[in-house]
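What follows are several structures.
One chain, subunit A, links the two complexes that follow: it is found with subunit B in the first and with subunit C in the second.
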Partner chain A sequence: MGVAPAARDVTSYGMGLAAPLALFFLVFFVAPLLQLFWLSLHNDTAGLHWGLGQYLHFLTDPFSLGVLGSTLLLGAEVTAVCLVLGFPIAWLYQRVGPKLQTIIILIVLLPLLTSVVVRTFAWIVILGRQGIINATLQSLGIIDTPLKLLYTQFGVVIALAQVQMPLMTLPLITALGRIDPNLDDASCSLGAGSWRTFFRIVLPLSLPGIIAGCTLTYAAAITAFITQSLVGGGQMLFMPMYLYQQASTLQNWPFAAAISIIFLLAVLAVVSVFTTLGRMSRGYGGAG
Partner chain B sequence: MIMNRRSLLTTALTLGAMKAFPGLSYAQARPLVFATFTGSWEEAHKAVLVPAFRKANADAAMVLDPMLSVDQIAKVNAAKANPPIDVMLHDPGPALVAIGQDLVEPYPVEKSAYYKDLIAEAQEPTGPAPFFQVVGLTYNPEAVKTPPTSWADLWKPEFKGRVGITNLNSTLGTGWLVEIAKMRGGSEANVDPGFKALEELKPNLAAVAANPGALATLFQQGQIDISPGNFNAIQILKARGVPVEFVAPKEGAIAFKTTIHIVKNSPNRELAFKLIEAALTPEVQTTLMNPPYLIVPTNSKVTMGGEIARVLAKDTAELKKKFVFQDWKKINEQRSAWIERFNREIKI
Partner chain C sequence: MSGRKRTLEAISFELVMTVIAVIALVIIIAPSLVVLIVSFTSGFSLRFPPPGYSLRWYVELWNAWQLHFAAKNSLIVALWATGLSVGLGVAAALAISRSRALSARLLDSLFMSPLVLPALAFGLAALMLFSLVGLPVSPLTLVIGHTVVCVPYVVRNTVAALAQLEPTLLESSAVLGASRLYTFRRIVLPLIRPGIIAGAFIAFMSSFDNVPVSLFLRDAATDMLPIRMWQDLEGKLDVTIAALSGVLIIATVALVAIMERVTGLSRRLTN
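Presenting the complex of A and B:
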């Protein structure tokens, strides 16, 4: 008797295994986010009067928009520096022997093994008035008075680029590793120079890695509260500090909530541009 | 009653959980929780206040849970009926917020043995001030040969690009701005002269730190030579060998009351009162006044000594003369507008 159980489709997986994580996200991420959104829809700090006043205040205030703009710009600068410096490392990784590979991966990962606070303090020591850079330039006689490096946009970009570098390099290493090395040789044997090969073959094929790295670096750089405030100081205002000021010092939670929602949407917009580019590049990536 | 496998399992899990987290079922029997500040405050309280309290109260159980004022307020606000904290510690601004949100119990003044000995400024019926924080001028004696004497010295041309300040997020930054405004004819209600003075200070400004702690780093790195600074923070730096000195400016050093409060609806009200009493005793305050803590006492029975007597005041009478207290009720009314204005105007 009995009917043989229907053969299970081996290519489909039950969603059950993802349920604990989904539940975790629902309780500890989605729910607080909804609460934040609810809070941002109030015009007074006590949260009694409904209205869009907080959003209007932010979106009609040139100063607030300026803070948002400079934060998004900061992210773009850091991402660009990371890409330009990270790509050669990833490229090199694919072309050296296993021993050097271990060393490179160690160097890339090393920053992740120390806390962000420690790394940021190291940058204060490097960029300071009597720091390594100024001391070297002065002893070489290149400058007379120390350069102001700490508490400048330049300082923040450099420090953030170092702090977030692994987020760029690791996806790049993976993406470059997936490219068939024969394609390089083929390109060369068909008469293309190294630069042509790089721009027509390697770069397009590594696009998925570039986009993943850019997304990660960008998101991490614009939200890096510690590095921004320690290297940037108290007068360079970026969104995380603006948020902290409103929530913590001024106890203006609805405005802080509105700032977070606007910031979140702005970041999502940038990230979705990245992912759209990623989807468009998938045609290239798949070929590898 | 039907017992199936599932309900049996649920019961077993519940019993297990109650065993594992006894706090679930016996919330009211928890030890006294004192939310002090992090860092040197926590060290001082762990080493001096807690032992004194336990000695006087038959080894009563208590826990230090250090956190920022804003976090204390948020935590108590989230569970007003059964707060997770019994005793709060606050700077003047947050203290008024906590009182305004009805989170603190009035201090039982008539029961207290030490309250009447506190100097008048420290007697607050919502929660007395067991300690003062003092803000004056901090400078690097290796770079600044003649010690500054007045806030006005910060504007001297010789300090071009050498002055550090903090933004208004901190009590220190806001209090200092008010003092500068007062020096130029303003008040807690009118800081316009202060902002004008800041504008004139710009050529001298080397850094606007995000918090007072960052100011210490800037001294260590030689980024700044002079700044408004907290007496205790400077002593810690000095003890670590950083060349810094503190002077009380002739306009008066700014004194902030650090107040200590019994949390409303605390299940440990009696012990909370005892802990605060311990913080007010001359013995505890004397120990905390001595190195390495150097915390300014508020009990008039404490004889000033050491670094505090040398730099700040020899006795309560001199202390009253040399300290300026500010009206934080007035300051809080406009602080958000000032912070916004500072954000916009102070760009160096």
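Presenting the complex of A and C:
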């Protein structure tokens, strides 16, 4: 007489439970993206004539290529600033007691959960003609006329870096927490200085966290529509706003669809480069 | 001699790292503080420091019915999207969390992909599909669109909570004769509840703050708060928006404090 089917694993649940969400994604996520792709392969706005016209238009138009290039560059700049500023935060986090750790985490976390319009609005107040930076510099007598900070590349990069900083810092804190502290001591007692230990031991071992953070920061920075348009102003055009203008203002849906697909592919390419680097570094870092 | 040299070297390293870290933390926190202070200005501009302090812009906010309308819409959509995300997301997380099958990993990548793909492209795609099938933009289309971009947070946090669950607990429960449903209700659910709540909280906040999807899926009748604020800011730098920002910042701080108590949010996001 068989006891109940012994092979039945009580610790896992059937894949059937994933069916509702899988179906939901199929209908409302995969299907729209496929339709977007389908429409991008049409030369006319009505979607009657097949062709690669939209892609040819984008790829032969210096203006469009310029927008794509400046968007990808913007992402790289923001990611670099986030890494340089975010790493020391993660480092400091591992050095302080539990009380301060919670405070640091909450400081890092708050902007992530505060409305992005609010965060961007703050930078308008700070960078504007009457903003804090100009007011301070003027009252100190360093400048006579206000500097132009808003609507500049510098302004967009610094505002985006602040907005996306949590996405970089949180994975770094996780990665640094997994490094065996004895390695640090061993390196120092073998005669390596703090700087050398940092660049030869800590930095390579935290590569998985660095790559995870860079992926999230980059992907978020190049799609940050609100911050790009409010701090960048009308003179600077990046891919999200370009897409929105073509779709909404000009009602040129096939071209907007082609822009979306090109943008999607660009993001996927960057993410897969980071993922490949991550896989390679995993053997190195050992902290998957 | 060499000991002294090493100390100087160590001090220079710690000094540089600490200084950069403190500067970075100030950069992170300063904008919110600046907005809070400016929102209490008595003047008409966003000058900092303000010429004087008053609550006039908060009074103004009390009468800004357009913002109230948008806030109500955003709240309703966020609540529905969060509910739907929890229902679909927790079930999916249970299915894929302990499975090593290829299908489970593929589904996991699919469910996570809205986090990295440009949401604006998805918003446009969703609008195209809805207009193709003849579904006009409405609160329903907004809830559907928001659920797609919010469900990854629920899935991720629930999977993480399930991963920390001891499988032996489930086996002991089964050995002692408990049914699977009973084990789920009495053992699994209580243990993963903080993870689900944390995921739901982040999903709610990201829906309430969503711009790229709402941009395409709303119309004048379903105005959403972040978009109303964005359009107000494009036109003119309104101090009422500073007061609203003040309200949102304080609400966020309060909610994060509650969530920290209930779910240990900060540890959850760094593990």
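Worth a mention:
Definition applied: the second predicted complex is superposed on the first by the 266 of 288 C-alpha atoms of A that agree within 3 Å, B and C clash if a C-alpha of one lies under 4 Å from a C-alpha of the other, contacts with A are read in each partner's own complex, and residues count from 1 in each chain.
The working rule: contacts are C-beta pairs under 8 Å (C-beta built on N, C-alpha and C of every residue); 3 or more make two chains touch, one makes a residue touch a chain.
None of these values were measured; they are calculated from a predicted model.
In this superposed model built on subunit A, subunit B and subunit C take up the same space, so to speak, and clash. Once the two complexes are overlaid on the shared chain, A:150 sits against subunit B while remaining clear of subunit C.
By the touch criterion defined above, A:252 reaches subunit B but does not reach subunit C. Of the two partner chains, subunit C is the only one that A:85 touches; subunit B does not reach it. Judged by the number of subunit A residues each one touches, C leads among subunit B and subunit C.
Of the two partner chains placed by the overlay, neither subunit B nor subunit C lies in contact with A:139. In the superposition on chain A, A:130 makes contact with both subunit B and subunit C. Residue contacts after overlaying the shared chain place A:230 against subunit B and subunit C alike.
With both structures placed on the common chain, the touch criterion links A:182 to neither subunit B nor subunit C. Of the two partner chains, subunit B and subunit C are each touched by A:121. It is stretch 59-67 of subunit B, out of 59-67, 149-157 or 257-265, that runs into subunit C when the two complexes are superposed. With the contact threshold set out at the top, residues 121, 124-125, 128, 130-131, 229-230, 244, 248 of subunit A are in contact with subunit B in one structure and with subunit C in the other. By the touch rule above, subunit A contacts subunit C in their complex via residues 10-18, 20-22, 24-25, 28-33, 35-36, 39, 84-86, 88-89, 91-92, 102, 104-111, 113-119, 121-126, 128, 130-132, 135, 158, 161-162, 165-166, 170, 173-174, 177, 188, 193-195, 198, 215-216, 219, 222-223, 225-226, 229-230, 239-240, 243-244, 247-248, 253, 256-257, 260-261, 263-264, 267-268, 271. Put simply, subunit B touches subunit A in their complex at residues 68, 70, 73, 97, 166-169, 173, 206-211, 214, 217, 221-223, 335-336, 339-340, 343-344, 346-348. The touching residues of subunit A, when paired with subunit B in their complex, are 63, 121, 124-125, 128-131, 148, 150-151, 229-230, 232-235, 237, 241-242, 244-245, 248-252.
For subunit C in complex with subunit A, the touching residues are 6, 9-10, 12-14, 17-18, 20-25, 27-32, 34-35, 38, 45-48, 87-89, 91-92, 94-99, 101, 103-104, 107, 110-111, 113-122, 124-126, 128-129, 132, 144-145, 147-148, 151, 155, 167, 170-171, 173-174, 180, 183, 202, 205, 208-209, 211-212, 215-216, 226, 229-230, 233-234, 237, 241-242, 245, 248-249, 252-253, 255-256, 260, 265-266, 269-271.
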